[in-house]
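One structure, pasted below without further comment.
By letter and in written order, the chains are A, B, C and D; residue numbering begins at 1 in each of them.
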Amino acid sequence: MNNTYGTLFQISTFGESHGLAIGVVIDGCPAGLEIDEVFIQSELSRRRPGQSSIVTQRKEEDTFEILSGVFEGVSTGTPIAIVIRNQDAKSKDYSHIADKFRPSHADYTYSVKYGIRDYRGGGRSSARETAARVAAGAIAKLLLKRVANIEIQAYVSEVGKMKLEKSYQSLDLSLTESNAVRCPDTALAQEMEDYIKQIRKEGDTIGGVVSAVIQNVPVGWGEPVFDKLHAELGKAMLSINAVKGFEYGSGFEGVRMRGSEHNDIFIKENEEVHTKSNHSGGIQGGISNGEDIYFRVAFKPVATTMREQDSLNEEGEAVKVSGKGRHDPCVVPRAVPIVEAMAALVLADFYLRNKNSKLDSIFPY
Amino acid sequence: MNNTYGTLFQISTFGESHGLAIGVVIDGCPAGLEIDEVFIQSELSRRRPGQSSIVTQRKEEDTFEILSGVFEGVSTGTPIAIVIRNQDAKSKDYSHIADKFRPSHADYTYSVKYGIRDYRGGGRSSARETAARVAAGAIAKLLLKRVANIEIQAYVSEVGKMKLEKSYQSLDLSLTESNAVRCPDTALAQEMEDYIKQIRKEGDTIGGVVSAVIQNVPVGWGEPVFDKLHAELGKAMLSINAVKGFEYGSGFEGVRMRGSEHNDIFIKENEEVHTKSNHSGGIQGGISNGEDIYFRVAFKPVATTMREQDSLNEEGEAVKVSGKGRHDPCVVPRAVPIVEAMAALVLADFYLRNKNSKLDSIFPY
Amino acid sequence: MNNTYGTLFQISTFGESHGLAIGVVIDGCPAGLEIDEVFIQSELSRRRPGQSSIVTQRKEEDTFEILSGVFEGVSTGTPIAIVIRNQDAKSKDYSHIADKFRPSHADYTYSVKYGIRDYRGGGRSSARETAARVAAGAIAKLLLKRVANIEIQAYVSEVGKMKLEKSYQSLDLSLTESNAVRCPDTALAQEMEDYIKQIRKEGDTIGGVVSAVIQNVPVGWGEPVFDKLHAELGKAMLSINAVKGFEYGSGFEGVRMRGSEHNDIFIKENEEVHTKSNHSGGIQGGISNGEDIYFRVAFKPVATTMREQDSLNEEGEAVKVSGKGRHDPCVVPRAVPIVEAMAALVLADFYLRNKNSKLDSIFPY
Amino acid sequence: MNNTYGTLFQISTFGESHGLAIGVVIDGCPAGLEIDEVFIQSELSRRRPGQSSIVTQRKEEDTFEILSGVFEGVSTGTPIAIVIRNQDAKSKDYSHIADKFRPSHADYTYSVKYGIRDYRGGGRSSARETAARVAAGAIAKLLLKRVANIEIQAYVSEVGKMKLEKSYQSLDLSLTESNAVRCPDTALAQEMEDYIKQIRKEGDTIGGVVSAVIQNVPVGWGEPVFDKLHAELGKAMLSINAVKGFEYGSGFEGVRMRGSEHNDIFIKENEEVHTKSNHSGGIQGGISNGEDIYFRVAFKPVATTMREQDSLNEEGEAVKVSGKGRHDPCVVPRAVPIVEAMAALVLADFYLRNKNSKLDSIFPY
């Protein structure tokens, strides 16, 4: 249960940063979906280390192997197991911290919780685990594209104090992939890139924000009362390494508004029900209302810096630690495809769940 | 599955705002816990309507009946069913909107999703459902108090643009219940109360923020990788009606910090491992590290206003709607016990789940 | 989790034999189903005590109240909570065994497992809990009738050494309800009834077998690999009090057959695929194949006899125990509706689950 | 959810008979367990094809690779992924039946359910999937051995009409592995082996029964009311390919007994509570009572025979089919380790679940 996400479109990930492999089993993908392996690889490549000069230089091609569940290129309704072998696992980089607790990492909490810890590269707590999510998320994207032409687009909107103030409607999101930072405002992207390089040079790290917008979600997805669509999106995002906050629609800004200005008035457009404004962020009562879903995710600065820090070891003695591995100075550029993948997994699950909401509904999309 | 929360300490709520009753079944409460009914009632009373002049005037005493699972005042390990009868259900207040979609309510999405809708008072989508959560949360609190002396304290920190800038450490949280707003800064509380009364007079509503701090959580609670402690807290909070955002520890502010200043340095105090700062918010790698857990929850302004608004009816025709029922001008004062209840439910579940993390662990607290 | 059955059509039962009430919450019933309360009551009446001279004389009308989830007679897609108040709870009948372990009851195991035990009437371990299942099962039957005209018919086929040797095809199952034993062979039913009366007179009890046949299940229900249709049927039946065995199709007899005679040959009839024989019991690879599903359930003799027996008390001292409450001399007549209810719950769940097996399937029944 | 078994000690299997690999992810194994790979291999070898002259001659060594969750020979509390590559997958053996429905196989039901079918060797419906269960079951056995010295022993007790009439107490179960049939009565084993060889020569197959006994299970395992220990055992056994029936304790024979003779009288032995007889099969009220747990599992004759049979193809046309692959004439010898593995998985789950039954219980075994 602990390493599983979703109820009907369900994924279970496994693997440690410096073990033999990481991977995922997808249980619940309906039969009949064309599994585009080129697309899966392209998604993994957006997340992989070494893709640009502002990310970690660990060399992982993140090539994958589908062990089951696909026959002649099509899903069969049985579990789809995907394995990604680790290749550039320099475990020696970690022997010096085998018994030390790195500040703001999971070393201490894992040690207490489990009494044993695979210290190589953070083991299970490493963000390397998210590669498995991206592979599964790619299949979820294929499903969503097929059943409702759903588009999920994330992008970097903040790095440190640098903030993209424009709304997603006024941006050309096709430019997101045009630069290493994955910010669709290319001028700001250049500034962010320079800033991240400067931060790296100083042996330090910096936080950021990933924004996302989801289009074409039909009305009715999301389940009251605990599994509201935005509650699951929030959980999914907060389960990504380094995330500290989530807001959707009007978010934290919305608390300052009055009901009379915050309410989204229903109107009719092209014989469809829509809303004039969209402070609701496309979700009302936890259920999609057909408008765009948009949200923001806050990432803290990466904990591993090249600077020496005070800490403790497992015996509780004072020690010094500093990063020797290969690390990201800022996590948000690589987080963009992870945010998209998690959003896709949330939606694929609600797509299947929504099929059971009422009798006599003909498969509606 | 849809109306159930938790995996080992599991609750299932039921009931509509203007139906016969709402209630909850708690499955998984260990045997041997003293069930203090006076405490449960006091928690319900903190949430109930009509408690002060700045909340809805619907008259519900929210008295409850425990139907099962308790024998001679002690839990038996079997399901604890609690029923709260609705008393002041003025369904007639809603007949005028039976076929209308109230803006920013769940009327439209429920209608499309289910093809049928209990329009009386919002039916299942009403925040009245949270009374069941508060009853269950009270039992979770009793459990947490008993096993680890855990304290959960929430309070109102923002109403509209009025913000309590002090950290929880510099506040006397025992003052939270001393005023109708539930803000521990009594001077600011008075201003907030006046402001809410003004808003109500104008027939409008306003948003707010609830902050919370949890103390004495042992190290090791929370489950990687999807069910991180903060991810479940986030989901639980986002599942509360009207919530638009969640952040913990350094939150959205943390993105502007550098790793070297954000990292929490481990130190030894009284032979225990602690951290100097606590930007991590008491959680590292999704697992509690023994420090205080703190977070913030954003609530939008209540959707029901007394002002007339444009909308559509089920036939898609333009109509006017305005509130006739009894509603809150600002939801945060009554949200305080709900936030605490959901936090308690999250923690009770992780308490039980953590018992299985390692072999040979003697029941550790 | 412990008191919950099903994944998409999910029920959670609660309540003790001599507590205030027993009940059930159904989570996952699709919206739009007409909830026929007269039918629910008639199902409860088939199970209720005091219905004839060969069952326990406890006086319970088993009237029920639906607290939620139904609006104007139709399911709304929200949880349906049903409560049945206990009326004739003579707890004093049990004070003499408060600290004694009745042989072959759950007294000892509950005491050790929970450290506390509601001894009144067996508490949670009493078969009274199955009334909640029958109420939920009635709604599942309504759903199955509506979506595929499914018929579930159980009947008594063995009492002690008396055995109905005819196959279900050669019986008129409409006669099942014509006698107190619920055996469709009325002559044998009379013999069984006389035998049960004799057993009761002797202060003893006797076991029996309930057979069941399910007709009109569409092809494709059941989920590989663990949740095979017959595996869930087996679990559901074995979860009924006093059940010791389950077999379907050729069952234990089938082990003596050769593959060449056991195999069910596919043929075409009226443009539909069918099988010549049906040793498979309507299930192949864990999935329904469109033929009749049939199975048999073994019930042990009721543990409570009027005879004095040796036992131990909670201090481990030798004591004498004998039944003083009101009990069934043979459980199978009242077990018939319980077997049907559990079968209905299994099938309702697989109906919903099967909707997700393939893409592009139009709601098929 | 569909390919997952267990709630706290949870396994998810994947893989097709003639795909690249089969495998399993174990989520929930507590940290600190020594993972004995030699033992895992020995269990797989008891199940593997080609092990003797009376089983299928497909050549699979069933060597496995642990991809995650184990560090320096010890479980870390993270998911344990195990992969077994398929080596002797002669898919060409199946091209002649690619569009034909083999009688009493899952070909037809899978085709209708999924609209697509991996016909090679039965794909997902093949008993080859059980190798993954045996690997996971081996780890469950290691856990049970460690925490409570639990012994699980299965053996063949019937082949066709040949039946081992002795009770398990009067047998030397250490002889089970001394012969190819896995029957501890070596004389009868020889007769069974000769009989199976004769059946094979005739191009036919035959059914059988596997009996099992579990010793040293502490009091208290199993969860009322749906997840009774025997209900889960039943489901687990019925989920094994070709199983048609399950009974425990007195089973179907018990229905003919009277309560006064069936009841198990509590006695005190060596300061422990025991029962004189054990018709309950070690389980009362769904919870282990400390006595031996024993049960019987019925297996039908293997569906694939070498004889030509009538059938239909996907177009509904009459065709002839006959086995060309390599198959077992009788499945029970290889089913013995599968039955043990499933029993171990059931118990490992209840071990973890029982930890949460009461407060203040010190880890009790």
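Methods note: a residue touches a chain if its C-beta (ideal position, glycine included) is under 8 Å from a C-beta of that chain, and two chains touch if they have at least 3 such contacts.
Source: prediction; values computed, not measured.
Counted as hops between touching chains, the shortest connection from chain B to chain C is 1. Set against one another, A-B and B-D show the most C-beta pairs in contact at A-B. Using CA-based centroids throughout, the chain positioned farthest away from chain C is A.
Chain centres here are Cα means. That of chain A falls 39 Å from that of chain D. Note on chain placement: the centre of chain B and the centre of chain D lie 45 Å apart, centres being C-alpha means. Computed from the mean C-alpha positions, the centre of chain A lies at a distance of 26 Å from the centre of chain B. Multi-chain contact residues, meaning those touching two or more other chains, occur in chain B at positions 1-4, 7-8, 13, 28, 31-32, 77-78, 113-116, 124, 224, 357-358, 360-361.
Within the complex, the chain C residues that touch chain B are 1-4, 7-8, 10, 12-16, 19-23, 25, 27-28, 31-32, 65-69, 71, 74, 76-81, 83, 113-118, 123-124. If you check the complex, the residues on chain A that touch chain C are 8, 28, 30-33, 77-78, 143, 146-147, 224, 352, 355-363. Chain B makes touch with chain A in their complex at residues 1-5, 7, 13, 101, 103-106, 108-110, 112-116, 124-125, 129, 158, 160-161, 199, 204-209, 219-220, 222-228, 230-232, 234-236, 238-239, 244-252, 254-260, 262-268, 271, 273, 275, 279-281, 284-289, 298-305, 307, 309-312, 316, 318, 353-354, 357-358, 360-361.
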